[in-house]
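Same chain, two partners: chain A is paired with chain B first, then with chain C.
Now for the complex of A and B:
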């Protein structure tokens, strides 16, 4: 067993990612910092284009090297990940940090059997004979709750349902026994009942292996159910972070408040006509090539103050009286 | 989407591999069956030609020159009194061998170029594809003739020349498919689980671009056989007295008014072979296209 006391397993500091585009430099991630603790779940929340997936791919060196410019630091288990070459990154991928992708329909190779893909992931890091790898693959399939795993090894991805395929993807991601698992919208493409099963499965596996999980999603319902710590991203920046309770009960940043308002509440006890209307947020996230000078949320902000917000970028500051809860806004909501 | 209770049931049917399924589907297409049978017969003739042919390809019948088709000489005889039927049978071996070796050369070289250019991109892509464009810019026959002018005429050199001429097509077809497959999430997923470039290329990219390459191979076989015939027709390919369909066509041309059979039968052999390869290529394309595939197998959509 590894040493589990004390300290995060992955520590990201001031991560920045920019892409060279024909129109100029697109700054997609702008100074992201977070820690992932073993056995705990960090949720990264944001709308499409907020830089949440790019930030994760940058950690694994999976962005195209010729157009992506990455800076900052990401220390995994005492080992700096940023600036490593392809060979060095290969040793980390799968074995140190595993990843589950959004759409199980496209993240498995359609022409290879499930068994071959699992065996391949197993043998990518540990040299083991084929029959040992095969037996281990069967165990893994059983572990992720696939019935009749022996015969499923011979199945092609199109012969499995979406939920089953995502279970296979999880098995593949776990094959290298990673200490950090990045789940990038891992349940978004699944229907709700299957989603709940996959969430249960991941939480069980996380507990058993005390894996640190980064859960990337735009689904706040999922976040409330599984996360320990939440980080809200907007235009490549963290605009608010804190424990699940702090964030859901005492959101400070107008963007977070907007996100929460845009989530329908199913069991609202009030009669229909008294319920709050579903809030939509007008506008779009800013163009990463032309980020506004001050607060990136300024153009959409319902509570903006004129001069300061437009010219000065609000720092990520602790929320008074709420340890661990930080927000990047000049606005102070009433009653907080 | 199915629910998990259904998933607990065993998957229906056997887990057939994609290639077995492809063959089964192909078997339902009558045109594919006919062309497959023709090509199978051609291979048999090419391999066992010596045993099947009634006479030797160089056997001359004194006094039997330019004889019309008869019970003794089905396709007649040529100006030296050689049996045209036997020569056509022997010619099958030459055509098929030249076609296979030439396409083999362009297949290996072209696919390798396409894989590397498409997958690694950047300067490697530029270098390889501009080189292939350069080859592509020449008319195929002119290029083959130019290469043979350097290497000298002959069957082996004809294979090399045809192989070089058809390489850019394979490079392009492969590169185009690699460009789309490269962005697939399963490629990223396998890299995320620690697979290296060689493994990703061999295990994930190549199998997923194989369908268009297979179709291109059958079509190119037809073109290669035509090219061999054309090169032999102008005297740069197979040398006399070896029988080659193109050579026989060219020799028959001089006697077209006295002995139409000398040119007709080798021409027919070329026609039937090329047609069979093309029809098979078409059928393969239909079967290997996943969108048409579900319609063909009659199972409907199904993700």
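Now for the complex of A and C:
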């Protein structure tokens, strides 16, 4: 599948992020590897605190430099992103890799108009006269489905609803025509109807521009509908990855199996937060300052048996018969 | 926004009435006979009675207050016991010197605070940050009379760059005005600047950690644009409030600095009024200071509402 479209636009290998904290080193991302293909969607799922956002922010160099230690490699379009300075990263941000942030309520500047914040994004990379940028900003707002875009340019974020703000965030992320779009919980805060609209919108835009999308979420229901490839994260590691079909029909890792067992029907009318059953799995993820020695999932694992699980970290290995499907577990479910 | 302005004006008026009652009451309830004080011991009983009557001190307190506040509205604050001149005239005479000093001092304060506070916040726990903290601590602890005298000794005495004191009108001699203004403005501005430096530092630090600053960086904006439009623009909004308080304080007279530099400002005059129990002049000055505080506060709030679109919105939603 990988070479059908001429190779990945973003390749992440063994990405690691640790934070210096007063309690010690918090190892939040622990060797993450994945590829993002143009025009395709990679979903990264995992419960709160598993390092999804941190892993994404590390790619763009947006973590606090004084406390974050980043290693590994992330090659975007042949260009290594890890270890770049602020000015080198500036060229990639927005134009190469765009990001929609998790919380639209705080991710827009409250004292600047929507128009200004969009125009900034447009003019960050292309030298564009102000009036051209404004016209383009209006187009972008229309493109993300904001009614009456001209007058919305003058609005301040607090004058917009949550859904509208999220659309503005998407418009900003798209302004630089990025080849990779990272959407971090882009629809989690929204009600189901708006969520469906935004998903449609993103899928349409993705098709038009052949954008590679990283869709970060804890909502497995959404993943089934939009993703091509799914990566399940636990304690900063990939515990299982594969095509949507493989993952949903033949999950191997007990964590993935637990998640899927807990996944509700897709058209459940309750808001996303309530439907989010990832958090209802018994137990808590490990503390990143004191990661267990063996399998990070060991304390919560319903099928742990071997002493190996407690002392040895299971490697990510291909599942028989499907090279794109890999899981990090010593456990082999029946019938797989 | 209009509703917000009207509401703030109304609030200011109410406070002003309260303040005027307070000023009046304090002046009349303190012990000591102002007229005796003003006339000295050798005045005749007849002269004493005449002056009491002229000042209206024989009337009931309420009548006195209403008279005073009524005239105050028309710009008549009574006549100074000591000089016999209208209080309003004496105050107006001192306004240019006071405003010059306050404006120059606040400029000095901001010129210190904004760069120093910002640089310190951009490099927390660095030598620059350490320097900023230490120097703002020093600026706060050095007494202003001492600093004023040191400046005079060095720049007026040894180097002879600036005059040691006195005030020259802006319109009569602009160069002389500026020349005389430098040292008093620096002396008065350093303390305010030290207070504001700490404020700017914490305010910028807070702004730097905001999610929307991360969004701005993620757009690929230039560092200095992110700093100017998303960090400073937001961090300086609360500075308007704190800076306003400093300005009001400077406007109501920096007595020590005025004395050290022989600066004919309101503070010095108010001090003299206290010393000589010149009730009408003191009342007028204190009332004026209250008006200044209210006006500056009003302006600050209006400016704040302009800079932060959420303010008037929140007000309107209530």
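Here, the second predicted complex is superposed on the first by the 313 of 336 C-alpha atoms of A that agree within 3 Å, B and C clash if a C-alpha of one lies under 4 Å from a C-alpha of the other, contacts with A are read in each partner's own complex, and residues count from 1 in each chain.
Operating definition for what follows: contacts are C-beta pairs under 8 Å (C-beta built on N, C-alpha and C of every residue); 3 or more make two chains touch, one makes a residue touch a chain.
Since the structure is predicted, the reported quantities are computational estimates derived from the model, not experimental observations.
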Once the two structures are overlaid on chain A, check if chain B and chain C clash or fit side by side. clash
Between chain B and chain C, whom does A:164 touch in the aligned arrangement: first, second, both, or neither? first
Touching A:108 in the superposition: chain B (first), chain C (second), both, neither? both
Using the superposition on chain A described above, determine whether A:151 touches chain B (first), chain C (second), both, or neither. first
Which partner reaches more residues of chain A, chain B or chain C? B
For A:194 in the superposed arrangement: first (chain B), second (chain C), both or neither? first
A:295 contacts which: chain B (first), chain C (second), both, neither? neither
Among 24-32, 42-50, 168-176 or 222-230, which stretch of chain C shows C-alpha clashes with chain B in the combined arrangement? 222-230
Identify the overlap between the chain B-contacting and the chain C-contacting residues of chain A. 57, 60, 62, 86, 90-91, 93-95, 98-99, 101, 103, 106-112, 117, 120-121, 124-125, 156, 158-159, 169, 172-173, 175-176
Residues of chain B touching chain A in the complex: 1-4, 6-8, 10-11, 15, 18, 121-122, 184-186, 188-197, 199, 203-204, 207-208, 302-303
Which of the residues in chain A come into contact with chain C in the complex? 57, 60, 62, 86-87, 90-95, 98-99, 101, 103, 106-112, 117, 120-121, 124-125, 156, 158-159, 169, 172-173, 175-176
Residues of chain A defined as touching chain B within the complex: 57, 60, 62, 66, 86, 90-91, 93-95, 98-99, 101-103, 105-113, 117, 120-121, 124-125, 147-148, 151-152, 154-156, 158-164, 169, 172-173, 175-176, 190-191, 193-194, 197
In their shared complex, chain A is touched by residues of chain C numbered 210-212, 214-223, 225, 229-230, 233-234, 237, 307-310, 313
